[in-house]
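Got some structures for you, see below.
Shared between the two complexes below is subunit A, which has subunit B as its partner in the first and subunit C in the second.
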Partner chain A sequence: MSVTTDRRSPWFIAAADDDLTIFDRSRPGRRAFTAPTLDVPERPLDELIPAALRRATPARLPEVSEPEIVRHYNRLSKRNFDLDTGFYPLGSCTMKHNPKLHERIAALPGHARLHPLQRPAAAQGALELMWSLQQALGEISGLPHVSLQPSAGSHGELAGVLLTRAFHEAHGQQRTKVLTPDTAHGTNPATVTMAGYDLVKIGTDAAGNIDVADLREKATDEVACLMLTNPSTLGLFEPQIKEIAQIVHDVGATLYYDGANLNAIMGICRPGDMGFDIVHFNLHKSFTQPHGGGGPGAGPIAVSDRIEPFLPRPQVVRREDGSFDLDHDRPRSIGRLRGFQGNFGVFVRSYAYIRSLGAGGLREASEVAVLNANYLLARLREEGVLEHLPAAYPRLCMHEFVLSGAPMKHELGIRTLDLAKRLLDHGVHPPTVYFPLIVEEALLIEPTETETRETLDRFAAIVADVLREAADDPEIARGAPYSTPVRRLDEAGAARQPVLREQF
Partner chain B sequence: MADPNYPDDLKYHAEHDWARIDGDEATLGITWYAQDTLGEVVFFTPPAVGATLTKDEAYTEVESVKAVSDVVAPLSGEVIEVNGSLGDNPQTINEDPYGEGWLVRIRISNPTEADALMDAAAYVATLP
Partner chain C sequence: MLATVGVASVDDLFADVPSELRLRRPLALAEGMSEQEVFTELAGLAARNVSVEDEISFLGAGMYDTYVPALVDSIISRSEFLTPYTPYQPEVSQGGLQAMFEYQTAISELTGLPVSNASVYEGPSAVAAAGYLAKLHNGRSRFVVSEGVHPHAIESLETLAHGWEMEVERVALDNGATPMPAVDEQVSAVVVAQPNFLGAVERIEPIVEAAHAAGALVICAADPIPLGLLQAPGAQGVDIVVGEGQTLGNRLDYGGPSFGFFAVTESLMRRMPGRIAGRTRDLDGRTGYVLTLQTREQHIRREKATSNICTAQALNALAGIVYLSWLGREGLIELTELLVQRTAYARTRLASIPGVELAHHQPVVREFPVRITGRLDAVLEHCYASGINPGYRLSADELLVAITERRTRADIDRLATAIEEALS
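So, the complex of A and B:
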């Protein structure tokens, strides 16, 4: 090993390690904005806001100049790993490229500056866009009635399960159980619990499909719903979906489609045609809203005729005269799920995506997403990676696939977590790890359709390099990452003693 | 923590639990394999003293940095003591799964159930 001297200046290193907050940078009197001279008569403050409603001392706000603000947040952004920086194959999250055209369209003043309390008559363009998006999502899912209200995938799930409850109650039934596969996204059981149902898990068979015999046994008239992701979180299409739908409908339950993996099937097949009653979309996944920081998102739902009466209100509708409106007159509705109508900017971006690709383009996006996943799996095999990281279910995958790091752990002495951390040192974001739970030391890899062949080749070569390095010296991966702003995080400490508040 | 370890004086359940049987009482915990697979344990919520355990059914949960997992009872019985120190130091389950990391003590309600449990060699043979 050659010894190299660190020629970086101590000032440079200090700047690189700088973790001051915007409050630390505050100096009295500095400001980034000067209000224009008042050109209307000044009124006493007491007239505008009663003294009792005003705070006694001014809020402690950071006092910084504009360049300091710009540098502060620019510095923070560079410490992050994002989709505009590099490859981000985070399974089940569909980290596809977000076209920059959409930003321009979302920023148009009519889109960006519309007030949420604007009267429908004065917001016809926005309502038309929302209505048109509803129509498009209805067509894509094969379920004609759409509500844009839910604002996250999990929110869409909750809406779907509340709709299921309303549907059963309308038929005079109090059902108590909801079924999910043991591969389900963690949000599914959380939703079931939040909606007041008992969760029953369905097993997975040896081929990676839902265990139909187990489903048949657990599908009783106490079951309200089966929540299913297709393709599943194993990246596999359920070939018996028609039979599954039949079993669920035969006991009077609803079939719910978790749309997290819609990116594999857009324009190819439709949940409605498979027998699903309710679907949620993740507009921030399949339909290119930038995501990963907790929002804003959108989790619209589409439902069949028999669920339609219970949709949230208000609904965006087109009246007979061709005008657009918010319809509050929905007596059987489950009610409002949020204030106002949703994250409108997300609707604009997703609608722009759907319209710029068109039906053929959406289908091609899904086809290429599936092709890219299978290509990457084949490249990893060629690189010898699958010897230590075998595919959990060796068959054609859809838009993502699962590898098991169990042999790697035994043979090379590094865990999936170590591999993931070492990938950061090679400039790629790790895949999803330790999910689905049924695969030991799982890696869930989703390359998406927007990555080039060269990127996929490079990723396969990088994983192979990490394994070769581990065969030589596993300690390197165990200590990774080395090149990130922070190294291994104390995850147990973060879970048990989170510091949620900075004390002044 | 470091190396796999399955003491011979314990009885093992396929769901990666162990029981140390002492007359009509038993101490229960999770195996080295279980804690290794879970990763760092961040929360353990003990059942109440007096709670009834049913063999093969979940009686509590452990949460690790990866997931929340059920802990399955290897034997039926009534909880007579819980390991209170795990509330503040759940990582003891990782550090000493058969000693300080024990979970609960029970009064066994059906001693013949122990016959269905495995010895160390049989349990190790079930591991991947």
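So, the complex of A and C:
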């Protein structure tokens, strides 16, 4: 397969005024908004809001017309790469297709225009949907009690570690440490600190599994919790998970499941059956909420019986008469984590997804996600890519896998970053780079189940082509990208002298 | 594909999953359905909710039935904004990054503080996040929080403060406003709201003076639309201004997703949570944008990060900047003045009903509480039966009534009539 190596092949429509911000486009007196008619007797403003409490000068918002706003943001949109347009194998992010049906359903007025403080009797559809989603997530995780409240994965983690704290406190224990593997997502250690614990790192063994001997040594009665991702961020299932759970539980600690990688195991095995006490889900990963360029997401949590009393309030419950309600009467709850009931619009989409796929479809999604990852790994091997970019752990992977660009750097003179940037010129989004931290020049690749075999074949060919090109002339990749709206940006300069808003 | 991988079956791919952990049965979930059937089922659930289209709603208390212009829907439903991840590859994310930069500028203007991030989850958790920033900043042991702050925000702060072994001391309101709090050297931050939960416009400056005199920070949870008319909290010396962004072009969605905004002084910039977009140049000297000051963040600093936040609310914040561009400099003021006038009309109209009294007499922008002693149950019942949701019940006798630009004089008159009927 031949791949273009044109140094300039714009994939967007460039215009001379692309540099302008919406503020640059502002002209005095221009506007889009017309206020509704003032239909009540007008009173002097000073009577209603004393002048001393009012602004002397208006906030300098842009003054622009509707056509300008529409054109400005549509033009900006064309400077984004997106999942609906191209392959996005960003490891750990599960960039699977976002079905269009979900947007239609979420926009129905009964969902989108429901006030969060509507009395439960007038919000039965919403409460039933949330309750049903709770039941489904409980079944998928094998942990029956679910709170939908957390706003994203990291928020779910925080909830989970605070639940752990409440659990230990209820047993009169003040534990001080939380364990995470050195492969963990950055959110795990950050959560540990934010929840008021000290972090202890656990190593990884030669096969890519958690170092059980290290865990044994560090698992003491000061440990509150082990936070684990399974499959790990290396894309590998922990075969000793039962033993790990035993070690953790033997010292009275809880076992926390980071659900970022749940997409590998839906319907195949369940965190609850593995011995986990607390799980968070990323509805924007496994359950198709569009990522929105950085949110919104949702991070529900599921827990075992012994953790249930501490779940955030309110809980969505079904009363004996079959009606649905919000239960605020939870005296042992850790409390609220946010306003209202959580990101309901996300719940609608994820519930629609679960209803569409059903039990068999969810299992098939995970099977194909794992098949696609292993197939792509095999195709990269066939293309000769692994000679320069070996798999960090040469074994079957789950839904994602890690390559190391270290040999490529020495042999071809290009870094993982250069490969990533050159992929942009080929119209695909690069994988996650430089994570997990324990793999040198890491490249974390997650194709997801919604990509075709042809897309995977094409991607393998593109990577091979970039490597061949680098063998010939590494400068091309080092200078990439060429066809994008901008080329490599001065990130160090941006941090050194931050310009974080328009200057007037 | 299996042959390429070198395995005989899909099952073989899961060899690392111990046999005793394999689920030997299908998940206990219904089987899948066609698109059409899923739509029908979920539309059926939606139909069982009473939305703000089905009744005249005066519910507020943190989220409001505002008008979202059509251009917001059009722009945020574009795949290019809807489906990318967080902009880790800036060369192909300039649209999202520049929108963040523009959003940050607008939030900075509204709050009167120089540095805004690109969004946090939502309003109440933003107050908790601001508390964490204060803790990191001065390491003190206590928060002093006005009861004018949204109760969900106070509770969210308490949930986290427990883990930090910090206390949350509540200051009761006096005639609807926050009295001068006692602030000592153990106080990390004083937290107020503008306007407060009971709709009152607070006099913030004296509180800032007292807090700063004791070396404490001041956090203000603000409603962004009234900031079009009110003094910017940052201009009054507040150190951290946060708030709920729903009213900036986002729908109600039964409470989310919306977004939280978060702005700070220059000196707190490097402890800010969340993504921040910054302007820079590319290799060819062209202007471009990147995520910046990332050494604050979890993916770089891990346990030393200033927050654990990763995915936030970028799409909702985009709706925010599109909406604010639509309102524009003059429009924001006109909209807020309309709210002030209609709310004043409603307040006077309701207070003239025998049996209804105002719960406080502070200036208000879009929301006010009334007291209907002993008869609130009857009022609620009659209003619901008349297709009106009269507001949020604060207590046995008190009702918080919100006015948005969607509530006309005719709507307000209908509410007044319904209350009169219930009380007569």
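One rule holds for everything that comes next: the second predicted complex is superposed on the first by the 459 of 504 C-alpha atoms of A that agree within 3 Å, B and C clash if a C-alpha of one lies under 4 Å from a C-alpha of the other, contacts with A are read in each partner's own complex, and residues count from 1 in each chain.
In this section, a residue touches a chain if its C-beta (ideal position, glycine included) is under 8 Å from a C-beta of that chain, and two chains touch if they have at least 3 such contacts.
Nothing here was measured: the structure is a model prediction, and the numbers come from that model.
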item	value
Which superposed partner A:Phe276 touches (first subunit B, second subunit C, both, neither)	neither
Which of subunit B and subunit C A:Cys93 touches, first, second, both or neither	second
First (subunit B), second (subunit C), both or neither touched by A:Tyr257	neither
Subunit B versus subunit C as contact partner of A:Tyr393, first or second or both or neither	neither
Which superposed partner A:Ala495 touches (first subunit B, second subunit C, both, neither)	both
Subunit B versus subunit C as contact partner of A:His429, first or second or both or neither	second
More subunit A residues in contact - subunit B or subunit C	C
Which superposed partner A:Trp131 touches (first subunit B, second subunit C, both, neither)	neither
Shared subunit A surface residues [contacts with subunit B and with subunit C]	491, 495
Interface residues, subunit B side, partner subunit A - complex	37, 39-43, 63, 65-67, 90-91, 128
Subunit A residues within the subunit B interface of the complex	406, 417, 434, 437, 440, 491-492, 495-496
